[in-house]
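Here the chain labels run A, B, C and D in written order, and each chain numbers its own residues starting at 1.
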Amino acid sequence: MSSAVPRDKAKVAAASIAAERRTPTVVLAAGLLAAAGFAVPWVVGSQLALTLMTQAVIHAILATSIGFMIRQNGLTSFGHAAFFGMAAYLMALNGKLDAMPAELAVLAAIAVPAAFAFFAGLIIVRLPALSFSMLTLAVAQSLYELMLRWRGLAGGDDGMAVRLPSRLFGIDIELFQAPSSMFVVSWCALVAVIAILTLVARSHFGVLTVAIRENEERARYVGYHTLVPRALVFALSAAVGGLAGVLFALYNAFVTPGALHWSLSGEALIMAVIGGPQAIWGPALGAVIFFVVKNAMGDLTEHWPAIIGAMLIVVTVLLPQGISGLLNRLNRLNRRSREAGKA
Amino acid sequence: MIDSKRATFLGLSAVAVSAVLATSAWAAKEPLKIGVPTSLTGPYSQLGDEVKRAVEFAVNEANAAGGVDGRKVEVRFLDTEAKPDLARQQAEKLALEGYNIMTATIASSEVLAIGPMLGRWNALYVATVTKANDITGKQCQPRLFRVNRPDYSDAAVIQPWLATRSEAKWAIVAADYAWGRGSGEGFRNAAAATGKTVVSENYPPLGSNDYAAFIQKVLDSGAQGMWVALAGRDAITFARQAKQFGLFDKVTTAGISFTTDGTVKVLGDVVKGINTIINYSATLDTPANRKFVSDWAKAYPGDSPTNFGGETYIGMQVIFQAVKKAGSVKPADVAKAMAGGTFETILGTQLMRKEDHQLVGPNYFGIVEAVNGTLRPAIKMTVPAQTATPGPDANCKL
Amino acid sequence: MIQVINGLVYGSFLYVLAVGLVLIFGLRRVTNFAHGSFFMLGAYVSYAAAAHLGFWTGMIVSVAALAVFGALLDRFVFRPLSREEPIVTLLVTFGLLFVLEDAVRTIWGKDYISVSAPEALSGSVTLFGSQFPTYRLFVIAVAIAVALGLAVWLRSTKVGLYVRASSVDPVTTAMQGVDTDRLSALVVAIGTGLAGLSGTIAGPLMALSPSMGGYIIIDCFIVVVTGGLTSFTGAFVAALVIGQFHNLGLVYVPEVASVIPLLIMAAVLGLRPQGLAGPRK
Amino acid sequence: MTTLALEGIDLTRRYGGFAALDKVSLRLEPGEIRGLIGPNGAGKSTLMDALCGRGGPTGGTVVFNGRDISGLSAQARRRAGLARSFQKTNIFPALMVREQVALAARMAETDNTDEVLVALGLLDLADRRAADISYGDQRRLDLALALVGRPSVLLLDEPAAGLSINESIVLARLLKDLASSWNVTVLLVEHDMEVIFAVSDRITVLNLGRVLAEGTREEIRGNPEVVRAYLGSSIE
């Protein structure tokens, strides 16, 4: 045994260095991707393409928030539109009531859903998976019904306009509403979200929550409290969903109860699962693909639901791990064959 | 059935199109591109179908006659599923693709979502079946127009009709959202003005599956008459269940959007004898309308235009005439020609008010009865345009 | 009093639809979002069949057609996916929902359809001094028949025993040598058949449209979750309680009636996370 | 007098009318390996649960290194240095081997992840997903999760279950090694008598929720009551 120790020590050292290297890599990759986003409006001239891409990216952020919840908590939210819509309505109501500066409202629109999710999470993350899903749905639908009936201030089913000041964070508000600049803003937000979530997932907290997802009892018997971390994941996911809602409200300057409806939650969930939530970036990819395909099919035929539905069935049956699962598998195969080649 | 109708229609129009193409009269001018963001799927797809057929009819008719102002008319439909967010997305897409003169969306909330963006997209929109007062009121826009009767016009029709009724006690059943609530209020005011009492007010949620609770409440209230503001699926479900409870036999029933051409076709005898506000009816006896109805029957054999179809056709007439008058398809020019202009529609000569962009037109009241052997809402009372479309909406600041 | 019976009607209707979900969830652990579409399909099939064959034959045709559909679905979709995460199957049912809606829209058109009650049930009877439609009593009778039929089947037959065992723990039951695949095909077929049945009884109650499933599926899931996911008795009690409170809500507090089922579910899960009759973990 | 590593006093737990544990008392000296045996349903796992704070309420007192921990949660007991492993392999399948051991280490005062990985021969598997390693390796990983952070007392519930004879022997040797070199006190439940008799300093026999006997290997082997109730003819 003693002779083995030096070799082991070397291995131990190598492994810890590899772990330390990851963080700068993530930051660097995120920086490059964000920078690439700035080039897009120059390459893509069409306003139409840019506005579609902007909407796709906003959906991608929502899908990412759902995917993160699945990945870290193993829980599926059927009502994530609640956080999206909550944020959008907070922006709109603040515009109407002038309760606080719009900059503060942006932060509040992210913080309030997060706080709400945290305290709700303390109660509901313990439920069986399907019950959790249904309760998130229940909360979202209750909010939907509330906004549908709140005619006085929120315009009921007619929705309400989001009144914004002429400058937000020192940036001309027009930039948040023109597709070419808003694409860059949303894209950077998406990249930042994915980078931050990736770092969180790799941190101790991320590993801990996956451990709890896998085996909550064992996590308790290695000494961890398991409730708060799960509620925190829910809160973080809600904050990201809220961010998507803020971007949506800025870009569209209009909110309706549809932003809380279960069909939006369902669609975002589909995007997340198609993309494969086991990779942080999977749901975003799924969202972009789903959005583009749905749009293209909608242009072609009014029978788009059948085509989308059939594709959904085929894709999930063939790729139960989602697109990211497939890419990861290909990547692994590729690496293995290269290693085999070397040997 | 529908398919064979379509096939005939397409066949006819293909002949017409090729005849005109031979002369290639419109090769030189920029085409008129009309975008229709409407409900092709989802809960309102049936209404979407009605307006779609009217738009297609108008476009084919115009092209067969050599186009509008010598321009070919092109049309593109995109699905909104009646969701305001999606409507806005699809309308933006249509506008950016050049289909920047738009019309025929189903839900008011969709139009209200599209309205504020029209300037940014450099587009124009003509509402044809959406009734929310705000469209030509609080939320009116320079590029937003409406040809159909708004809610306040329907409210204005209730009172003259109610004055002729002997029933003293009334109940209200209206869908629990802006339109239903607004209609309920309109009825309440009309009842107060004509000395009737409202003994029971019910606002069932949108998309209810069971109306028994409300039907029972109306039965228990001792009402002699009932005002119903339910539409589409809600209307059909309510009517079927109310009939089973014998409600229609016990109280005089009247409504808005409750018995439309579409719902009457589905419900048949269930709603026979129900009174209703009629915004448009194929039974209207004017020369222009008679011609429209007979041309429609040629294009879609065995069919006649529905209320929503007729209203949408009016919208198309207004667009075509405005384009001709402007001599341009640029939304800014067409809007200028539209505001304050007068238009020859199937309801006669009508003014598009420049103050609020509302087309001034008459409104009607009638009853569901057999016309030429088919059950449908038939006009019994005409409320002239000055009464039906009272002064420009003061909330609108253009 | 008559309002209580109205609540019972809606509860009965919910039960017939929701218990099919319980069956499918119990055996395959599938959260079947397409159940509302099966219900819709059942309504259209019975409408089409009834046009030629009458209401009763239409009902049989609809139940049979949906049952066959369910068996095929289990064989070609649920079984191959039984090893995957539940979310994957859920997504497939989402896809199915899209396809079925569009198929029905294409076949039967976008127009709403309204169906008359069969001659024998179209009258009304006097109950507590008011006229009450016979057809609504028939709906209650159907629910009772389904509940009794299921109870007898589950409690007194061998297959029923397997189903109950499988609902509690599919893996262990499979290890006991029970052919869960064949069992599942049967149970899923019964579940979808019940969707066909509820679609049929919905015909004379509500407007048929390709999107009608969406109006009912959420209430159904609420019933299933409140009842305890795999419990047949739980679903029965939950459906009746929710139907009752929903209706009373419409009578006394119509503004919040539509969230009452959600509140009941939240309250039940708050007190008993496993639902009314779910197994303790 | 030295403080006891772990002491259970009058531990009682009832399910309905049935007493799974009936006033069981147990005293573990520091560094001792105590075997805990008994027929199925004797209350061995329930005793483990009662000591580590799992499951329902328990009557009696648990004293750990001189401190009454009866009111502490399972998490708090683990952090204080009372660790356990499980009868059914209880690991985190989706995590890497190192990842999960490090995770467990973080909650303890000393991070000796590498030491534990080396000691249990898991270092070569450190970057593999736990779901992908063999059953024997998973059993050792389970042990590693309990062992990391140098707990002072280890409750091991059938660590040799499902292992081959050879693997069991290696495991037994390892336990003895660890107990002496790290000065860990071990309470070991095991069906494999070879392992029990090979490593235990003293043995406690439970039957029907009560302590039937306690003593050295030889005393237990020679106790006629124990032989009758449990060992039967299997010990020769």
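Just so it is clear, contacts are C-beta pairs under 8 Å (C-beta built on N, C-alpha and C of every residue); 3 or more make two chains touch, one makes a residue touch a chain.
Note that this is a predicted model, so its numbers are computed, not measured.
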item	value
Remotest chain, chain C as reference, centres from CA atoms	D
Centroid spacing, where centroids are CA-atom means, of chain B and chain D in whole angstrom	77
Chain A and chain B, separation of their C-alpha mean positions in angstrom	40
Euclidean distance of C-alpha centroids - chain C vs chain D, Å	49
Inter-centroid spacing, chain D versus chain A (mean Cα positions, whole Å)	43
Sites on chain B at which at least two other chains make contact	41, 176, 205
Junction residues of chain A - those touching two or more other chains	145, 149, 305
Pairwise chain contacts under the document criterion	A-B, A-C, A-D, B-C
Parts of chain C lying in touch with chain A, wherever the complex brings them together	25, 31, 33, 77, 80-81, 84-88, 90-92, 94-103, 106, 218, 221-222, 225, 229, 255, 258-259, 262-263, 265-266, 269-270, 273-275, 278, 281
Chain B residues within the chain A interface of the complex	40-41, 77-79, 83-86, 88-90, 92-93, 96-97, 108-109, 112-113, 116, 120, 132, 134, 139, 176-178, 181, 205-206
Sites on chain A touched by chain B in the complex	46-48, 51-52, 55, 145, 148-149, 151, 155-159, 161, 177, 252-254, 256, 258-259, 261, 263, 298-299, 302, 304-305
Chain D to chain A touching residues, read off their complex	52, 54, 74-75, 78-79, 83-84, 86, 90-95, 98-100, 102-104, 106-108, 114, 118, 123, 126-127, 145-146
Touch list for chain B against partner chain C, complex	1-2, 41-43, 45-46, 48-49, 176, 202-205, 207, 209-210, 212-214, 216-217, 219, 232-233, 236-237, 239-241, 244-246, 262-263, 265-267, 270
